[in-house]
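Labels run A, B, C and D following the written order; every chain starts at residue 1.
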Amino acid sequence: MDDVLTIGKQVLASQPFSLLLHAELLYFSQGRAEIKVPIQPELKQQHGFVHGGVISYAADNALTFAGGSVLGPGVVTSEFKINYLRPARGDFLVAKATVIYSSKTQAVCRCDVFMSEEGKESLCATSQGTISKLPETPDSRTED
Amino acid sequence: MDDVLTIGKQVLASQPFSLLLHAELLYFSQGRAEIKVPIQPELKQQHGFVHGGVISYAADNALTFAGGSVLGPGVVTSEFKINYLRPARGDFLVAKATVIYSSKTQAVCRCDVFMSEEGKESLCATSQGTISKLPETPDSRTED
Amino acid sequence: MDDVLTIGKQVLASQPFSLLLHAELLYFSQGRAEIKVPIQPELKQQHGFVHGGVISYAADNALTFAGGSVLGPGVVTSEFKINYLRPARGDFLVAKATVIYSSKTQAVCRCDVFMSEEGKESLCATSQGTISKLPETPDSRTED
Amino acid sequence: MDDVLTIGKQVLASQPFSLLLHAELLYFSQGRAEIKVPIQPELKQQHGFVHGGVISYAADNALTFAGGSVLGPGVVTSEFKINYLRPARGDFLVAKATVIYSSKTQAVCRCDVFMSEEGKESLCATSQGTISKLPETPDSRTED
């Protein structure tokens, strides 16, 4: 019985980069998506914190899934902006994205990224971006 | 003989996430930095293009290095914004960042990300962000 | 008896550009600010909608006031990003800003801009930005 | 003989808000636009500098004109991001925008805003954004 979350998990599992980062889709429904990334040693920078690139990956991907939840699977992130708030460490990251507004072709979404350390979540980054539906052509492809 | 590029390469080599992505510092001087990321299969999304998270990593890191070239090594990316322009594929990415303006504590930088395919470079993303100097305290740490 | 809102109204009233636009501070407290801009004919673009520059003014200023509510009066907007969602028209705009995170020197804030038409509010833009405390020097000045 | 600049000037002159700010289109050609805003007392904030909202207006509008130069007149600014670099003062602002990339429906543009004081220009803000072509329907309208 394929529900929305199962389909979303299959999409995430078909992204080699998401597999490399062991990302997991925690939640996926109309207008919302949550992606978890375990904080493993290879995701860090030179001072032991999570690399900003991992945080931006999590934000970008959760934004895309949130947009895709209202626009359909053929979507790309057109642009996004992120503010890093705190150095991230702990057990895992969770990027929580919601759709703020959507038209037929675009969705503007917001995503907060939390770090979880010993069961306590703190906000470590916040982002906002535009997800665009790809034109429906035989060779249309999603970017990420 | 440690020149600026050599020191920059050592910083990049001390970032486990940059090692995971096989990133390489191509150029590093006062106000400029270029980072190369080979396009390997594990950096892709479900349609064979480079995952947006890899592109944002390259932009973020090149922005940080450019900012660090004028502010010193103890810096973090406070925020950035990226527009994805084309699906990225080919042999490698090169993120080219320059400092637009800097004060004692911050630098505003711009970064264009190119994909290189059979020797031909095309622009695939453009970004802009703020790099901040960390306060000089005994426990100050860079974020990425 | 000068409360926080009264002080905020005095600051807004000392901005000639805010007077030109007849902006009004509706709400001002720790971590929150709301600014209203009546939609008058001279604030429009060529198709009868509110000019994007008016919407970005409202967002920028509400972001600055929200940041100032936690950092003190000597603040500037360092940067912000805005997504326009719908053409704006109606009786007035209200920009509602909240602080997402603050340190001693910076606050990251979010602002939604609503249009009000015949008593009904709809979201017409959403924005996110960084407010910075000015260094405490004799000649420190706020930017906006 | 209507050239491109003349047509652009007519568009700007049909924007009441641009008239209120005495904005002038200095340059307009395929992929480029420059808008000048004289620094008059009513455009300032409480410390005598140009209000950030004026700078963001100039950036937003120059971005839109640059996008319109390649996409046609029916365009809107979908989103943009701006970094303020220096408090602005002097005789006038000039916002200089260029198209970085365009497809059939969108253009990603960059805009630097300069202040001119006694004949000397200095960069006071830099911005980046997306301009979108409106769908060609009978009632399509530009936002700004």
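The working rule: a residue touches a chain if its C-beta (ideal position, glycine included) is under 8 Å from a C-beta of that chain, and two chains touch if they have at least 3 such contacts.
For clarity, every value in this text was computed on a predicted model and none was experimentally measured.
In this structure chain B contacts its sequence twin chain C using mostly the same residue numbers, the overlap exceeding half.
Distance from the centre of chain C peaks at B, each centre being the average of the chain's Cα atoms. Averaging C-alpha coordinates per chain places the centre of chain A 29 Å away from that of chain C. Each chain gets a centre from the mean of its Cα atoms; for chain A and chain D, those two points are 33 Å apart. Each chain gets one centre point, the mean of its Cα atoms, and the points for chain A and chain B are 20 Å apart.
Annotation for chain A: residues touching 2 or more other chains are 78-79, 81, 83, 108, 130. Only residues 81, 83, 85-86, 100-101, 108, 110, 123, 126-128, 130 of chain B touch chain D when the two sit together in their complex. Interface residues of chain A facing chain D in the complex, by the touch rule stated above, are 78-79, 81, 106, 108, 130.
Chain D makes touch with chain C in their complex at residues 11, 14-21, 41-49, 51-54, 56-58, 60-61, 64, 76-84, 87-88, 141-144.
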